[in-house]
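Okay, so subunit A shows up in both of these, paired with subunit B first and subunit C after.
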Partner chain A sequence: MDSQEFDVRNGQSWEWSAVPVLGEDSFRQKILEECSQWASPAGGGASPAGGGARLVNLFAQLEDSGSIRIFVMLGRDQEGKLPVFSMRISQDQASFQSLTPELPQAHMFEREMAEQFAITSIGHPWLKPVRYHQNYRNVPDLWAGIPSRPIPGAYPFYRVGGEEAHEVAVGPVHAGIIEPGHFRFQCHGEEILNLEIQLGYQHRGIEKMMEDVSAERAVLLAESIAGDTVIGHAMAYCNAIESLSDCEISPRAEAIRAIALELERLSNHVGDLGALSTDIGFLPPAAYFGRLRGEFLNLLMELSGNRYGRSLCRPGGVLFDLDQPMIENFRKRLLIARKDLKEISDLFFTKSSVLSRLEGTGIVSTKIAQELGLVGPAARACGCGLDVRTDYAFGMYRFHHIPISTVLSGDVYARSLIRWLESQRSIEFLLDLLTQIPEGDLQIKGSGLKPNHMALAMIEGWRGEIVHVAMTDSNSRIARYKIKDPSFNNWMGLSMAVRGAQISDFPVCNKSFNLSYAGHDL
Partner chain B sequence: MWGVIVNRFKQGFRTLSYPKEVPVFPKRFRGRLMISAAETQCSIDKTKDPLGAVVPGKKPAVDLGKCLFNEEFKAVCPEGLTYSQDHRLAVSKREDLIIRDNEVKLAAALNEKTRRIFGRSLKLREVCAGSCNGCDAEIQAMGNVVFDLSRFGIQFVASPRHADGLMITGPVTKNMELALKKTYEAVPSPKIVIAVGACAISGGPFAGGKEVHNGVDGLIPVDLYIPGCPPHPLTILDGLLRILDKLEKER
Partner chain C sequence: MGIQILLHIGIVMILSPLLLGIIGKTKAFFAGRWGPPLLQPYYDIGKLFQKGNVYSITTTWIFQAAPIVCLAVVLVSSFFIPLGGLKAPIQFWGDIILFAYLYGLARFLMMIAALDTGSSFEGMGASREAAFSCLAEVVLFLDFIILALLSKKFVLSEIIEGNILSSWPLFGPVLLLVGASYFLVLLVENARIPIDDPAIHLELTMIHEVMALDHSGWDLAYIYYGGAIKLFVLGGLFVNILIPYHSLSSVMQTVMFSGGMIMLALTIGIVESCMARLRLNRIPLLLISAFVLALVGGIVVLVKGV
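Take a look at the complex of A and B:
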């Protein structure tokens, strides 16, 4: 067993030659050992087992030498540390033993690597493309015909046999105003036996574009990874770039970013509660929540000139300040919003007809949530107490703590309630922070990027853990940019939530997760 | 039951009196770009314009279809570019998005025959073809009680076969091309197509990317262009009301 240890922290950068290279067997062994407590039910229950690590990132990169390097980042949530290590595999025989059978969290990461770098993970139970694009190595793809074959028809789906089983196919163009994706249900009567979610329609090639575009354009791309998570992704991008250029932004800029991040969380959480009300046909709160969502978006517009906070976060700080009259105005409007939120939520959560629709629908157990590596509110609704703002505190969250909310039941009710609880805490956080915004420059000019470095930036977006990894080459240019939206972890959670449920439960289950297609497809 | 009624009174009436009253935007809102006429030779900083929204020429012109309305875009030509509070941006022809001064040729009403069909009831099908979901969120927001789209007789329907036209967002990814074309074919004629957002008009930040087209143009014909990143709900609404001729003249 290799005893080399290399731990990093959120927001850190390091020379990538410093990352230990392990042999294939010890690489695999070390991952499985570190993550063992997550996979085993023994330490499960209400909170994740102490010390158990979790798969935060697993991705490949080509080296100048011609071999492929696979990096893994594990999250030791309790310690706030992330062990990083790697292995090399040759370009001619790009394959390794799949981790997925032992560690289901690796499932999507391995599919992603198979698609991006044509690396076969031997023994993977369902090795299908994720986004339907050609690989980055200019070698034959693992699947013939990508990308000329129209998705999804040309690829096999998981099927349930038998005379009474039937299949329901939905998408890519859905009935509502939402993003495209294909859902394939295997059903017995109304009961869903399996749901396979095939995305990729939104694939714009962002990771690859990040390597080629100018810094001025890269930040605009980062803001367009997921349009409802502009602040989350822009902050992750800025943190990564600031780390690579040794730029320490001012406390004031950190505070303004945190304010924007919480406003983004509020607008989305409240909007989701409205969408859930719509889906269960309880229209008064749907209308009120929908209006209240706009109030938070309008605060973001007041601050940044755009309802989603575009142009606010830039490497080195922020472009807009909050002056005293604005702070007063924000506080006043937040106090009104707090009152409205309470009244509307009371209306929603106290109705027995609402509760009977939400409770017990679409349950994801704590064990399943841990095995799949769910993150964000979806995980916290299953009793997993993980939150980047606490576990790997960044920016303002190092000084102003925000309590983690968890709910145990793992059903649609839990995922709704968690949004209300988190909204309350975000408002309290904002009201507190607005009274004591520290001083400092809005934007600080950083130096150039350090060559041959890699940086890790994690942000707790409203959907959960956003991870950006930026790597530079010897000329200080971005050589690899790895993005992980929380949706990448969580889509499988939706599949599991509807297993055994009725087809008619799908809409509420889907809304209760409200995952990003664009963030997943990149 | 009482709770619902009490709440209803507390919430009050929230719908904007738009279009009767001119909407007010916050000071920092970035509406239509203004090119001050005096500056004929402002120093153009190309690095601030990574998407090539500035059209070269004797007098600088800006392509609103490529502009992301980001704050630092003003620095392309600090002497001559400012954002106004004007939310009205929708045009009927692609070339009308290229502005040379403070004038913009806003969208014209549909011809009378089409208007007679759609004027009192317009049903649209929305297709997201690779957008980040920002434009889609604003389209959805048009339906909330504040903007209340349905009071104008405009509705989003679940099937293209029930629709009079498409509203498209996103640069049109290669993976969505087929689905978009099929959806277009499924809409009965006469039909209209509306491209919403910088991506659907020019590819936006993804323009030139290997996995995307540069917007809807060239794939299917477009009748209305609504620029922005994302356009404000009132910008989209303004475009819709213009083609239906539901705005009073010169408003």
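Take a look at the complex of A and C:
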């Protein structure tokens, strides 16, 4: 087995022929073995007994030889290493034994593969379409009865029987300005027995488009994967492309990217706190948090010319620089924002009527969070200490560390508190980084993409772990671009959080996760 | 009497949206904003009256009848209470029961209209409204019983005018307890925070608002208008119970009443600004505590004797 160990690190690229190919049984055994030992340490940092790994990515690709190759990337958080291995299955008999019954984290990945390549995972308990598109192999889709575009009624929803159970359908058109998604509740009175979330309305085919468009347009596509995670996805794309073209960007560009990423995190976390206070009907902090969110967005705008940071990150570096007066201005305003944020958060988190609404609502236990493979703040609120910035440090985070914040209770309160804690740490990080921005060129020209290579880029976006994997063919063109937004892992967490809860608490639970529809639908 | 009624209707219809405007301004002040204009509720209602109605094909005449009946019913209920210097135009023995059940009628119609749409949201809203108003009604009646015991009258306007003044020196604490429990009923009946949030757009947590989701145009205007009048009338009763001004000159009565109403709107605005909404399953506890408050008042009256 040892000869087949192939570990990579975040931001690395390698020839994809180097990835070991295992037989179907040993592939499955190895994944289950590695993941069975995984237990994320509470509090972060402390090494668990077994180490172990979790599923970071699982995807398929067509090979020139005609067979389908399934790659898996496991994350050994404690070592910062990712074992990569693969298996081959033939196009004629596109099926394999499902991992999901033993490893629920694989559930969405297997559904995605079933849709993209018409691969049946035998024994998958919930094999339904994810985004409603035709498969990439031009063979009949696995679902004969399901239309190729999402129609809320035409979907085999899980149903609860009985006289007293009732069904509530919400969406895909919602009150308020949010993205489309369909929520199907099975309720008994006010209690939710099950929630099934059906997405796919925002599917734009980004993964496929990435293979066809020019490099100039590809970065714009990456920026529009999720409108509120522009910096996160653009950085992941840039890191992947830079890795494929052996381009080492300057420390200054790394620092500016990190500043933008943390500003994005701050604006979204603070905005979420404001949205939560609106939802519980506590208006003063809603207004104050909203104003502060604008403050962080304005900083991002002064840096990049766009409130969401579009056109800042480009392969090879960044397009905009910070000069000395701007740095001082940023520091001054961050200090004010820190003070304001503390005052408002103190008001919000000490109010008994707020606490009674948030505490104990929508609990996800640490065990379930680990089984589902939750990532980002949603996982840290359940006591799982995983954070790409620490575990697989990239860019500026290799030199300036951000301590992981974790909360144990796993309820809406924990998911709110984690946002405040992370905001505080982000502001400290920014204040620290702004005093000592390294020198360097903004843009560094890289060579062309290396042929037959594969690159991995992981970024801790504000929602959690963003994973981009780029593969090139023998002509150095992008042959496969695999994107994983943190929402892809976390939507199932929302379903579990509301199980057994009051249906009237669903909006606060949903807001406490605040997942992306577009990022999931790609 | 005809002129009195018209005057009553006129005052109630002209002034009631202003209360909502004052509440809105108060909330905006506490949020550090300017907020919508004071007269925004009038603009909203005016805007809705310029629109047409849209009816779902699954609804029947009940759905169309409910809004206008609700508006008419709350207008009628205003005849039983004095507004400052204006005496109540209609009064008869036992009108207190009619007063309470006029609201019951409005609620019943709104609930069956909500069920009429066949929407699962509206069904949930109707079931919540039914559950919580059951509890609120008990409290309201207990309050009325105490007031009737204190005055030994059974006519709403006589209870208010005759006895409140004479009861204050001896039964002040009882009136305060009645006032406190009645205030909670007022918040429930008018779907205010901490029970319901009139500003929220999330179907799954709403109680009262969710039942108006399918109404549009004029019908929605009737519902909004009816809601504003309901707040005005129930608030007017609250002011009448708590402020013993009924022996003053009619000008002074009007001044005191207006001042009381503005204070009430400010109080509601402040309550809404300084607390979050209750969890839905805690609302019965709030209503039970309102019941206990009223019950203590009732026991004092019974033990002490009037």
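By definition in this document, the second predicted complex is superposed on the first by the 500 of 522 C-alpha atoms of A that agree within 3 Å, B and C clash if a C-alpha of one lies under 4 Å from a C-alpha of the other, contacts with A are read in each partner's own complex, and residues count from 1 in each chain.
Throughout what follows, contacts are C-beta pairs under 8 Å (C-beta built on N, C-alpha and C of every residue); 3 or more make two chains touch, one makes a residue touch a chain.
This is a predicted model, so every value here is computed, not measured.
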Checklist entry - After the match on subunit A, would you call subunit B and subunit C a fit or a clash? => result fit
Checklist outcome for this item: Larger residue footprint on subunit A, choosing between subunit B and subunit C, goes to B
Checklist entry - Regarding the shared-chain residue A:Ala175, is it in contact with subunit B (first), subunit C (second), both, or neither? => result both
Item to check | Partner chain in contact with A:Val139 - subunit B first, subunit C second, else both or neither | outcome: neither
Checklist entry - Touching A:Ala18, do we find subunit B (first), subunit C (second), both, or neither? => result neither
Next on the checklist: Applying the document's definition of touch, where does A:Ala287 land relative to subunit B and subunit C: first, second, both, or neither?
Outcome noted: both
Next on the checklist: After the superposition on A, what does A:His166 contact: first (subunit B), second (subunit C), both or neither?
Outcome noted: second
Checklist entry - So, A:Phe506: does it touch subunit B (first), subunit C (second), both, or neither? => result second
Next on the checklist: After the superposition on A, what does A:Arg307 contact: first (subunit B), second (subunit C), both or neither?
Outcome noted: first
Checklist outcome for this item: Taking the CA centre of subunit A as vertex, the centres of subunit B and subunit C subtend an angle, in steps of 10 degrees, of 60
Next on the checklist: To be precise, I mean the smallest distance between any C-alpha of subunit B and any C-alpha of subunit C in the superposed model; what is it in Å?
Outcome noted: 5
Checklist entry - Between subunit B and subunit C, which residues of subunit A are contacted by each of them? => result 175-176, 284, 287-288, 291
Item to check | subunit B residues within the subunit A interface of the complex | outcome: 3-4, 7-8, 10-11, 14, 25-26, 28-30, 47-48, 50-51, 68-72, 83, 126-141, 144-146, 156, 158-160, 170-171, 173-176, 178-179, 183, 199, 204-206, 209-212, 229-230, 232
Next on the checklist: Please output the residues of subunit C touching subunit A within their complex, sorted ascending.
Outcome noted: 27, 30-33, 120-121, 123-124, 193-194, 197, 199-205, 272-282
Next on the checklist: Applying the document's contact rule, which stretches of subunit A touch subunit B when the two form their complex?
Outcome noted: 131-133, 147, 150-151, 172-173, 175-180, 200-206, 208-209, 213-214, 216-217, 220-221, 223-228, 230, 284, 287-288, 290-291, 293-294, 297-298, 301-308, 310-311, 314, 319-320, 340, 343-344, 346-347, 350, 516-518
Next on the checklist: Give the list of subunit A residues in touch with subunit C in this complex.
Outcome noted: 166-170, 175-176, 190, 277-284, 286-288, 291, 351, 353-354, 356-357, 361, 502-507
